[in-house]
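You will see chain A twice below: alongside chain B first, and alongside chain C after that.
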Partner chain A sequence: MRYKETKKNKLLYDLLKNHGVKIYEDLDNGVFPKFLIPSRSTRNIIYDRKLRQYVLGNSASIRNSKNISQLRSFTQLTWLAFFANRLIKEKKSSTLRDIYYSSQAFSIDFEDQPESDNIIVDLESVLSRPREDLHIFPEERSSVFGDLVIEYTVPGYEGKRTNLSDHPDGYLIGPSLSSAELIETSADLVIAIEKGGLFTRFVEEQVDKKFKSIIIDTAGQAPRSTRYLLRRLHEELNLPVVILTDGDVYGEHIAMVIKSGSANAAHLRELTVPDAKWIGVWASDIEKYKLPTIPMTESDIKRIHDLKKDPRYQQGIWKNELDVFLKIKRKAELEAFSKYGLTNITDKYLPQKLEMAKSL
Partner chain B sequence: MRYKETKKNKLLYDLLKNHGVKIYEDLDNGVFPKFLIPSRSTRNIIYDRKLRQYVLGNSASIRNSKNISQLRSFTQLTWLAFFANRLIKEKKSSTLRDIYYSSQAFSIDFEDQPESDNIIVDLESVLSRPREDLHIFPEERSSVFGDLVIEYTVPGYEGKRTNLSDHPDGYLIGPSLSSAELIETSADLVIAIEKGGLFTRFVEEQVDKKFKSIIIDTAGQAPRSTRYLLRRLHEELNLPVVILTDGDVYGEHIAMVIKSGSANAAHLRELTVPDAKWIGVWASDIEKYKLPTIPMTESDIKRIHDLKKDPRYQQGIWKNELDVFLKIKRKAELEAFSKYGLTNITDKYLPQKLEMAKSL
Partner chain C sequence: MSFEKEPFNQISPSEFFYRNRDLAGFSNPTRSIYTSIRELVENSLDACDQNGILPNIFINITSVNQQQSDPKYYILTVSDNGPGVDPKHVPLAFGTVLYGSKFGLKQARGMFGLGATMAILYGQITTNTPVHVNSSIDGRNQHEYEMLLDIQKNKPIIIKHVVNKTKKKGLAISICLEGDYSKAGSKIRDYIYQTSLITPYASIKFHDPKGNKYKYDKITKSIPRPPTITKPHPYGIDVETLRRLISETSYKIPNLNKNILEKINKELKMHNDDHRNSNDGKIMKAIKKRWSYLSTQTKIILAIMSCLKLNFDQAMQIKVDDIDIMNNTLTYLDYNKSKSFTIKLDRSNFYYKYLANEVKGDSLSIFLTKQFQRVGRHTAEKFAEFAQFKPEKRIMMMTNQELVHLSDSLQKFTDFLSPDPSCLAPLGENLLRQGIKKFFNPDFIFVIQRKASAYSGFPFIVELGVAYGGSIKGTKLYRFANRIPLLYDESSDVVFKIINDIDWNRYKIKNDSPLIIVSHICSTRIPYKTVGKENVADRNEIERELKLALQFLARKLSSYMSKKGKAAMEKKRVDLYFTYIPLISKFCTELSNNLQEPNYKKIFNEIN
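Showing the complex of A and B:
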């Protein structure tokens, strides 16, 4: 199975190498080298109904070393491709912040970290590969728990296996887990949940055993490494994915981003689970389950109006629940079920919503 | 070893029971029941030079059910003691947020979560026990990695053991790890580090093996569960603790809080490691290691002036480094070492500072 990882690295080498070779050829031929970068301007971000995610359209811009105003970012991008190649070869990981500081060793000038972050997105776009494949990780982390055996591919751990039900506080989804092979599971389902407190509750109430599930704490908006893991669990192990969030517009959108991605990652695939189902907390659940509520703020309401313009919110529960939120102008948190006992959410709500999800 | 956990719970039962019995006795005798709550006002928070941490002085206030204006908070506190007792008996964990919502099931009125959070601190003060002992956990989490065998005490995992070097992304310090027994380690040292990115770097560069250490990511200001673990590693396993932070006033204070606690937890012990050593990044390291810097903001400088009034910053490196920061008015992050290569911090800086620490 390790072959796959090597194959992925091999493809990346080839991609990076092709760009390098092209630059040398151009120089040999007395031509200014350049990159073709797919445009990430909002006008070039399109919702693809077939892929069920945002993708980039056909616009692209040329980053040309001939152009004085582009020479700086051309150089930065070339350096980053060189540095990413080295990271992969040396099997080292790095962070967005590391990249910013590492550039200084090579006298590559970045004004600040946002400038280097932006060049990293440029390179992602050029290669159509996420920065994680280039061993560049953000600090954001979430966690996973359940009967899933993984096999590491990171140096020092190659071939070692761990069962992700061994540590009941959950396993961090970091570089090692992201690059591990998924070996086997007895689970029939993945439950993604927005909050650490509920994640702990779910582990404590053995939701993994009772519902034969793998539980994932997205810790708010799911980080990309978590969305990548969700997709792999769905694609490689054929597990359906359900999502539980707070009962508010931000919760609904957390579920949507897991399902169909975000506009600012439109240049990437492999981060979406188009078949994922948002099972709650719906606006309509608030009354149905008599949950304690909090009034919406002005910005909550503005956010609903914004999402109503989004092509993904034009039908089904996505539209309906937005409309109910707008009508009741109140929201409820996952913890609100505690009013009816700490285990009410796992004893009553979860089984009912999982049953309901079958017909979604 | 499980005896210890049971003994801790037994002590808590007795504490809670004594309060309950007292309330019933008062009622039987026609006396209004009350609580004696140590005062947490700044005038009653004293730095104890012998304990080397903040403690509460002798002032206390009476929360009396006879007093109409105190009846509400008296009732809240009594309910919380009842609820905590139930949590411990049923071996359930909860969050600060859960407590807020759970109160509604009992028609106990809290205006908002800050009000219930505050009552939780009252109960901590009354019992002199941290909320974690009452199975009330915050959501904040950090992580740990290294050759340390722990044995769980949580339901379903009693007697199970895990080696915390099995998962190279690190282990979350949640309720299960916090309540586990520390069984054995080959480590000679604990290294607490402020940032997840560096934590990953340290694991990747095998700092655990090269320096026979347990590595802890404090994820910024160390959460209480992490400070509690650091203390236990120091007390139960006799491991020295060193701390690495960003080279700024906030980093210096992160180290100080691990060492001697915070004023707002002055009503608690067991969260400090008075022998812990802050080994960097010092203000004086910035020039010595020629680190890329960032200018300080006005609020950085104000913070330095505030800390200069703190009794703990009146001598040694604590005072000296504050003075250097104030002189150079610049700061440097841990990632700044990446300028000299990704492994510069683990190959050069860390061994030099560990050597230096022996004379601290």
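Showing the complex of A and C:
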């Protein structure tokens, strides 16, 4: 297990080094170095049915240091590779904002954070690796709770183990947790839930024990580190993943992103859980469970029409539920179950949906 | 209403100017000291220009009483190295109003040479002190005059006249006048500064009453060609001028005297004695034989003598007053009898015919070709047709109405060639460029002299210079007319208007760029808006020339700017490589686990 994490780092390390060597040799030979960056324009984002996620097509652009308008961003990109290399070597992590500020110590000026964020995505594309692998994390954090033993690999904690059910507020899915080895678990299931409030309720109601599950709060759209953890739980520990969201079009899409990624991350792999299942709240549940509803806004409806063009929404529950949303033009939040008692969702709804999920 | 007789008194020109001195720029102590300097300096420069002398002008102002506050008495002295004024003309030139040498048609700074006398007059009426004039025309003797003006009689009163030894030619005038230097100082300094800009071949020194010394050395030794005096152009003519031209140029009935008699003898190849020894018939024979070789004057005198049947002695005793062609009569005054006689003449007489022909004056077409510039026979005949005159119409036979019609038609006829610019003295592109270069030390400089053009019969030339960058700060316009700086009232000047009309953005020139524009308009008559000579009126023809000149310069400047822009871009581009490539080198060295940086210097060869 530990070998896996180290091997991944080694591969990345070599990848970065190879790029460094290429640039070094070009300069030494009096040639302007360049990067080949897969194009992330919408025209180059294709849905791969086999991988069940969005991937980038074959078109790529060249970032040439000879081109005066690309020289600056080329330098920024080289710097970022250099900086990520240091992060990996020194086993340190950095936030997106850190990157923006760190650049200034090396006379690399990013105009603003969006510019540095953009260069980070460039590097992800070049390497086909998520920034988290490069020890670069966003500010957003989500949490995990359940019987899962991990072993840290971050400096100072190497070899130290923790059970993620030791703290009732759950554990932040941060850099150290992301890079930790997953040792063992008694759980049979991962439940990803959209909202922190419900996550706390699930912990209080001991959903982890009742349903032998690891509970993860995605805090809205799941951050990459969370998606990465979900994938590892599924891949490394063979745990099925189910997703519980609000009963609206955005909830449905949160589930879809966990399952098959986002267009924004089409340049990355290993962030998806293609077998994950969205178990609710479905549009059809709203009528079935007689949930209190809120009328949809115009932007909700527009979002439905947008998603109906997405190849992943062309069949099954994904298509059906979109149609029902469009028909009823109303939505319901997870908290709506509280109308029937605070534990209604864990006592009634969840078991029924988990049961149903087996047939999905 | 009573019809009491108003006394009408003639006033002398001096008195007229004394009463209207604000017209000529002597309204208050501030303006007066400034105008006095201007008039004297411009006189000196004009004199030097016309004689091809590189001017050295020294201006000195001292206060009579240092402690007093302004306005107070100042002694203003302007001296030059010009040709000087003939000592015998000095009292008239500086002691009367309207005695000047500038009535011909050519470009000069001053129009009539009035200004210096006005300054003297002003000094006299404010301080009651005589003017000092030192003049040397030979570089050996210097005549020193001290004199006052008798304003009512318009006559000089010479107080002192001595002759001193000197080594230098030139004129120095010293006036004591009331002025306000503390207020006029900046204007005077501007004036001197700008004068030396537009007169780069002159050295000008100025010592002000506060002890400050200013010195502008000549930056070139080439003097522009002096202007020549030209005949008038038809477009610039009115009825009165036309009348003067006719009377000035038509025949005059000469009175026979000894001098003329000598000439006649020469032409006839006779001696006085021959007159007595020969009979009249013999003389007449000789006259007839040589007739076509004789001068007009001789012919007229001989014709009169023949008609009146007089010999030379008798002819010297009369004065012909009038020859009436309509009635075939001649009226003359007999000095001996002190009486006028009118005699009927024989129309068929050969000599009378000749006389009558002379009296009628030139034909219209000959008059036009003789008296106006750039009018040939062909043009004159075309004009006559246009004005519905016969080309052979005699000019002296024209009625008043016909003269008015002639004058009007001269303005309306469009086929006259444009006026002759040889009476103009532009500075020339070279001198203008040198002046601008020395004064502003710019990065870019371009000047243009437009070809001569004309408005209402007055020729003019526009010269324009543009300077950019270098030591220039901000945008400034320097205006000149006939080499005089125009200092005030900029916003109502035609040049200012043209500059503002141009869309400078089109030429990539931003507001408040380091830009100097120098404009120089030369003309035999600058159309000033006001008597103050501070702004030029917007005549269409002048506007057009200014606009074309400015657009030309703006295009030059704009292409300079874009070249400069490209060079700056190129430099920036190269700078970027020098900034970023070493960084890339540094990063990839660590990234590739190398210890030494790659030899990236090779890459820079490719950039350049």
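One rule holds in what follows: the second predicted complex is superposed on the first by the 359 of 360 C-alpha atoms of A that agree within 3 Å, B and C clash if a C-alpha of one lies under 4 Å from a C-alpha of the other, contacts with A are read in each partner's own complex, and residues count from 1 in each chain.
Just so it is clear, a residue touches a chain if its C-beta (ideal position, glycine included) is under 8 Å from a C-beta of that chain, and two chains touch if they have at least 3 such contacts.
These numbers come from a predicted model, not from an experiment.
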First (chain B), second (chain C), both or neither touched by A:168: first
Chain B versus chain C as contact partner of A:338, first or second or both or neither: first
Partner chain(s) touched by A:139 [first = chain B, second = chain C, both, neither]: first
First (chain B), second (chain C), both or neither touched by A:206: first
Partner chain(s) touched by A:32 [first = chain B, second = chain C, both, neither]: second
Which partner reaches more residues of chain A (counting touched residues only), chain B or chain C: B
First (chain B), second (chain C), both or neither touched by A:24: second
Touching both chain B and chain C, residues of chain A: none
Chain A contact footprint on chain B (complex, rising order): 92-95, 97-98, 100-102, 104-105, 137, 139, 141, 143, 152, 154-157, 160, 162, 166-177, 195-197, 200-201, 204, 206, 292, 333, 335-343
Footprint of chain C on chain A - complex, ascending: 16-17, 19-21, 23-25, 27-33, 65, 68, 71-72, 74-75, 78-79, 81-82, 85-86, 106-108
Chain C residues within the chain A interface of the complex: 573, 576-577, 580-581, 583-585, 587-594, 598-600, 602-603, 605-606
